[in-house]
Structures are given as C-alpha cells and as structure tokens.
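Heads up: the structure comes next, in structure tokens.
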Amino acid sequence: MGGLSRMSTEQTEQQEAVSIPPTGIRMIAREFKKDKLAMFSLTVLIFILLFAFIGAMILDQDVVTKINILDRFARPGDSSMTGHKYLLGTDEGGRDIFGLLVFGARNSIFIGFSITIITSIIGVFVGLIAGYYGGIIDSIIMRIVDFIMILPIMLIIIVLVTIVPRYNALTLVWIMSAFYWVGKARLFRAKTLSESRRDYISASKTLGSSNFKIIFRELLPNVSSLIITNLTMNFAANIGIETSLTFLGFGLPSKTPSLGTLTAYANNSETLANRPWTWVPAALLILVLMLSINYVGQALRRSSDARQRLG
Amino acid sequence: MIPQVIILSLLIFVLAKMMPGDPFTGLIDPSTDPARLEELRQAAGFYDPWYIQYFRWMNNALHGDFGISYMYKYEVTTVIGQRIGNTVRLSVISVILTYALAIPLGLYAGRYQNSWFDKAVVVYNFISFAIPTFVLALLMVYIFGFKLGWFPTSGSVSINAVPGTFGYFMSQLYHVILPAIVQALLGTAVTIQYLRSEVIDAKQMDYVRTARSKGVPTGKIFHRHIFRNASLPIASTLGYEITGLVAGSVMIEQIFSYPGIGNLFISSINQRDYSVITALILLFGLATLIGTLLSDIIMSIVDPRIRVQ
Amino acid sequence: MSELITINDLKIHYPIRSGFFNLVTDHVYAVDGVDFTIEKGKTYGLVGESGSGKSTTGKAIVGLEKVTSGSIIYDGQNITKAAVRKKINYNKDVQMIFQDSMSSLNPKKRVLDIIAEPLRNFERLSDQEEKKRVKELLDIVGMPEDALYKYPHEFSGGQRQRLGVARAVASNPKLIVADEPVSALDLSVQAQVLNFMKRIQEEYKLSYLFISHDLGVVKHMCDTIAIMYKGRFVEIGTREDIYNQPQHIYTKRLLSAIPQIDVRNREIHKAQRCAVEQEYQLHQKDYYDENGRVYDLVEYTPTHQVALNNGGVNYCGKPFYVACF
C-alpha cells in the first residue's frame, strides 16, 4: 500500500512538470523563437541596456560633463589636447558626445522605467477597483479619468515644470506620473469589467472568498498578460515623452544628461545643419530603442492571444 | 460638455494663479512708488476673493479680453490672432494629407493582405506608432530641408512675397508642406491600423460571401460595400487626430521655426508671459474638447446604432 | 422541522435608466413575488423559459443577486443581507454549480487550488489534509488523481463540470443550487454528470435546486418541480402531479412542446399540441390578470399548487376544475 502511494506521488510530481498554464514563460519563449525579428529586437534592447548601465559605471560622469572650451565641436575621430580620442566628437561645451550618450541613455531609460512602474501600479490598482466594484465607485473614478484625458497634458506638464520650485529629475517623474496613469486605468478597468462578468468570479464569491482576495488572487493573474504587454509598450512611450519634453527644454534640468538634451542641440539651426554628430546619434538611439521595445511588446501581446500566435 | 469646460477653466485659473507675478509686472515702470502700485493693484481687484477674480477672468475671456502680453506689449488676442492662421493652415493641410494617405493605404493593405504592399504598410504603420514626433521631424528637416534643400526650413512665408498675390499663397503652401507631411506621416498610424483590420474582418463576413456567391465582381464588393462600411467610423478617429495635432503642433512648429501658436506657447513659457500662456492653454484645451465632441456628433449621425440622447 | 430554506414574497427588480439625466423610468420585474419552501434531502426542479427569472431566483438563494424585497429565511435568519450571510457562514451550507464550465473555473488556477478554495475559506486544514480531501472529492466525481495539478483548459466540458460539482460539494453543503449544469454538454455526457450528482446526493444527504429549461432532465432528477413564468410561479407539484395532471395552461403548453419520437402516432401528437395551443389562447384571461401577470398560487392537492384566478374558484362558486354548466 505504501509503495503504491509513493509511486503515485512521483507520478503526480511528473505531472506537475508537464502541465503549463495557458500563458506562461514557456509560451512567451516559444513565440520569440518563432519570430526572428522579435528575437533580434530583444538582443538589440539588451545590448543597449548593457551599454547604458555598464558604460555608466565605467565612465566617470564628472569627467564627461566637464566643460572643456578648447575642444569645442570636435569632429568624430578627433583627439583632444590630452590625447583622448573623441569617438563621436564633442558638443559646444567640449564634452565627449559618446560619454554623454552613455549617461543620457542610462538616465532616460531609468526615468522612463520609473514612470512606467509608478503609473502601472496606480493604473492597475485604480482600474481593478473601478471595474470590480462598479456602481458609484466606478462612476466617480471614470469621471476623473475622463476629465484628465481631455486635458492637453503635455502643455500642462510644461507649465508645471516651469512653476515648481526646486526642480529635479525626481520631480519630473512625479509630475508625469500624476497624469499618465489615467490611460492605464481605463484599459484595466475595461479588462476587469469583462473578466468580472465571468462565472469564476461569481463562483469565488459563493465559495466565501473576500473581495480583496478575489481581486488579487483570482482577477489579477488573469489580467497579468495585459499588464506585461502594456508595461512594455508604455516603457517605450514614456521614454519618448521624457525625451520630447527635454528636447523642448522642459524635461530634465540641463545639468542631467539625457538623450533629450543631446537632441536639443538641434534647436540651434547652425548645429542642426552643420554639426550633425552632436544630435544625430542620440536621435537614432532613441529611434532604435523605441522600435525595439515596441517590437518586443508586440511579440508579448501576440503570445498572450492564442489567435494571433505564430509559434 | 459644459461641466467639463467649467472645470477646465477652473483648473487653468488655478494654474494661472500659481504663476508668480501680477497683472502689472513688466507693464509699469519699476521706479513707481510702491504705494501707488498698491493702489493700482487694489483697483484692479488683485486682492479680491478668488471666486470674484475667477468670474471676472471668465467674463473677460468670454468677451475676448485676455489681458496684455508681456512680451509684445499689446493685447493677447491680437498676438494670438496674428499666428493662429498659420497653425490652422498647417493643421488643415495635415489632416487632409493624413486621410489622403491613410485611407488608400489602410483599405488596400487590408484588401491585399500579406502581399508585399501590405507588409510594407504594416512596417510603416509600426514605425509611425513607435517613432517620437521630434525625432522624425528633426531627421526630415535635416535631410529634406538642409541637406537636399528641397523645402524651406523656417518661417511660414518667404520674406519677398507680396501679401494678397498668388505668389504669396504659393509661398505659404511651400512652407507648410514639409511640416504637414511630417504630421501626416505620424497621424496616419491609428487610422491605417483601424481600416486595415476592419477590411480584414469584413472579408470574413457573411454579407461578403453572399455577394461573392451572387457573382458580384471582387473589385465592386470592395469598393461599394467593404470600403464604405469601414470608412464611416473614421469620424471617431477625427477627434483623436485633432488632439494629436494640438500636441504635435508645439513640437513641429518649434523644429521648423514655424510662427504659429505652438511656437508662441514655447516662447511665451520661456519669457514667462503668463497672460499668453493662460489663454493658449485654454485654447488648446477647448480645441481638444471640441474635437472629441465633433467626433461623437459625426459618429451618431453616421452610425444609426449610436444616438446621443 | 425538515424545512431548510423558506422564501417569502421574493422580489428582484432591476431599474431601467433612460433619458438625458439617466433617471429610472421603468423596472424589469425579474422575480416578482415568489413563495417557496425547500426541505432537507429533497431535489427540487425550477423550470421556465429564458427570462422567466429562474436563474435570478437561484442566484438570490445563493447570495449572488441583490434582493429588492421579500425574505429568504435560513436557520431563522433572513439571508438577503450580505452581513447576515457572512455572520452565519451561509455559503458553507449553500453552494452553486454554474452552467458554463469553462468560465466558472479560473483558467489560471490548478485544479487543486480550485477545489480547495472553499476548504481554505471555511475550514482550517493542513496542506496534507487538504490534499487528501481534494483527492477524495475527485474520486467521488470519478476524476483521476493526476487531475490535481492540471489546468481547466486541459479537460473536456463534461470533466470540467464534474470538477465544478466536486468544488460545490467540498464544504459539505446542505443545499446545492445547480444552474443549468448540463445544458452545455453532449447528451451522453449529461447522463454521466447527472448520475454523479445523484450519487453525491445519496452519500451526503443534500438538497438540490435544479434550474433548467429541459423538462426531460428535470423529470429524471427531481421530486418536486416548480414552473416559472415572468418572474412568478405558475405551478408547483410532485413529478407525478406535473407530468400526469398539469393544471395550468402554461404547464400544459410546456409539456406538449416536448418532442416525442413516435413516428407512427405523429398525427395524433400534432393534434394534441394544436388542441393545447388553442386552449392556451382561449383561456388566457382565466390564468393571467389584465397586465399579463400570473395569479397567486392556490392549493389544489396537498402536494400540488396552481396559480389561479380568484383563489381557484369559478365565477359560479364551484372549484375551478368543475365546469359551471
């Protein structure tokens, strides 16, 4: 009798290994393997991330951002007085573009990521609550969301950036997060509304689970694939917004290097036309970054929807 | 709609109050006696309770009085009025180009699914979604404006042109084309994706199968039925396009040095010209609201299933 | 006192909002005055067409629908209020089986967690005890043990429904409300699931409230059957009462609509159906009031109640089943 039950335990453990949930890591990996371009985008993305973060650790920020008038607008490949070779030339302050690119990439990525995380947490939470409880709570939340969506958000952020005292990168993150959670809230509310109507939620209610438990243990896992996809696409969008704001001069303070500050050199038509090495690398890096993140996000979206899967 | 306009104006009023300075900064000789300044402030109602100030501001706004521009030293309405024509011209041409581009591309990509044409459209669509406005604008102005010299890189009209002549009109058009193309390339994103997926879905529908089995030629099926059904709800994307234009105009006008109200917004922020800033935010906010309302109205006219109560 | 649940004048109305200000203009009378008693160990059938209010009634009994007025008494308490239900742990004793087996099981949860959910909420068991109990339940519904770590999408409809049954039985309830549990299944699978349900009833001594539009299924499973129409009860009786001596014209109509496979007597059956339909059209006003509303139930025999006009008495004073002249 004991031997039999031991055998069935082993069998059960084998079964544990075999059963995969409807969208797990395996599904996602399979989708990527099938789509060569997604794999390529992912590799490019990882490479850029390594470039930015490891590069930022190797290089010294003070050296890179030090103004060095003598080496103003050096062309790519020129060397400085001290024999240092400028891979991508220098800007109007004589700062190494390559170094600025590394730090700028790190900062823009980090800020974009932070905003994405904060807005996701707020947006998912609000969306779940609004969609699950419905009724008056939903109405109030939706009124607020609808109103914010109508505002010219970018303009208001620009104004706030100029008004707020003691302004720094952190303040920018908070200001942007305060507005951009609404799109997410709307998305997750819609998804929650449709999921809440399904019987397993009703079943959980009759089985005695508390509302809190239902939202986080039953509903959330079924919304998770949407969260991941949305997170990725949003990451790209936020990097785009931050760099756009910094380009106009209303994003990061000028002391903090960002991909936007590099592209802002193009605001001067002289630099734009005749000194492309200052702004083109940053613009291209932004482009490549956003394209690859978006493509990875698309592959993730496809992997969660069985109809569109390639793999 | 009305409650939203009211809340919008309240919000802008609060924003305006948060900006440092008062109505007289920059207008009055700094050496004026501070006591006299106090008198003036009292007279202008600077110390009145906030709701009275709000109503006064709204009242003035409704009569077209937004105060004096600090930068230009004349009325805000005049300042805006000079430039709004440029932005409107740019926006209208952008919208026309957007739809002229999006409709054929979207519909035919859906019809000839998986052909090289469709694949190219999908790639283009993906890029136009992902690329930030300023990156595309910078690259375009650099390549087509400076390096190739095909288009002007700044201004709304050439200096030599004489107002009122045909040459003037052509020069305006010439200056508007490149920025409008950039806006159009970006604006087609949502519409192409929508149209393409609508056509692809419609191909599976029963009414198409019925028509085909009746022997109706394929081209006719597409033109008369599918395209028409897919195109009508474009009205719903119209509102979205307008909001996109509002945000985009700020960026595009800056990069192309195009003297419109987007450009004005940036320069007035930089110069801290608060009366202009306030008026502009109100204007942009209203434009967005109207755009959304417009698409709702068009949708309800066009689709009998949705009717506004 | 074998009464488990008593329902008194249950009403569930949904407001309809329309107009510019979204004001309440009208109501949907989903359930409009229902009186019912459920006893221990018995199987009840609730039959009606779509929109008759049977699912709504069932959901109200389980506690999923908000009740507009009336009471549902269990153990001396009115459980129409959520607070009362929570206090007495009502749902431990009253459970539900849902119609759509795919949507009633959380696709992201394993079978072990799905069936253990009521155990975790209502009882304190160690992991091992829990696993043992779930295995027992799987055994009762005839599912293999290796189903424990699988996901719902790996099973067929009939198997999933059996998992739903196992889950409903887990907390040892006294009443299970089964909302069209076999409507979405193939006929052969239907029989299987129904037989498991019967076996469970014998073993656990539970009551069932079987909600269905399928009179054949209800005949197989239920002792007492109630027919519903437009939110009210039309007739309640034992199996024999309803199938052999239907009194309300609606019941007769419903029964005549059951397809009979008897090729030789096709003409006769058709004639019978037409006769029933004619009777229905003729006697509408006897059985429905001016608004089309069903009358209150009147006792016909101790086990049989029918919704009749005037307390079941004819206009000439005689009981309704006796002709006046």
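By written order: A, B and C. Residues from 1 in each chain.
Here is the rule we use: a contact is a pair of C-beta atoms (placed from the backbone, for glycine too) under 8 Å apart; a residue touches a chain by one contact, two chains touch by 3 or more.
All figures in this text were calculated on a predicted structure; none of them were measured in a lab.
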Innermost chain, taking as reference the mean of every protein Cα atom displayed
A
Considering only mean CA positions as chain centres, point out the chain farthest from subunit B.
C
I'd like the Å distance between the centres of subunit B and subunit C, where a centre is the mean of that chain's Cα atoms.
58
Centroid of subunit A to centroid of subunit C, CA atoms only: how many Å?
50
Cα centre of subunit A to Cα centre of subunit B, whole Å, reads 26
Please output the residues of subunit C touching subunit A within their complex, sorted ascending.
59, 62-64, 89, 91-92, 94-96, 98-100, 103-110, 117-118, 121-122, 145-146, 148-151, 153-154, 164, 167, 171
Subunit C partner contacts - residues on subunit A that touch it in the complex:
8, 11-12, 15-16, 19-22, 198-200, 202-209, 218, 221-222, 224
Partner subunit A, residues of subunit B touching it in the complex:
4, 7-8, 11, 15, 18-20, 126-127, 129-135, 138-139, 141-142, 146, 153-154, 243, 246-247, 250-251, 254-255, 257, 265-266, 269-270, 272, 277, 280-281, 284-285, 288-289, 292
Given the complex, residues on subunit A that touch subunit B span 147, 150-152, 154-156, 158-160, 162-163, 236, 240-241, 243-244, 247-250, 263, 266-267, 269, 272-273, 276, 279-280, 283, 286-287, 290-291, 294-295, 298
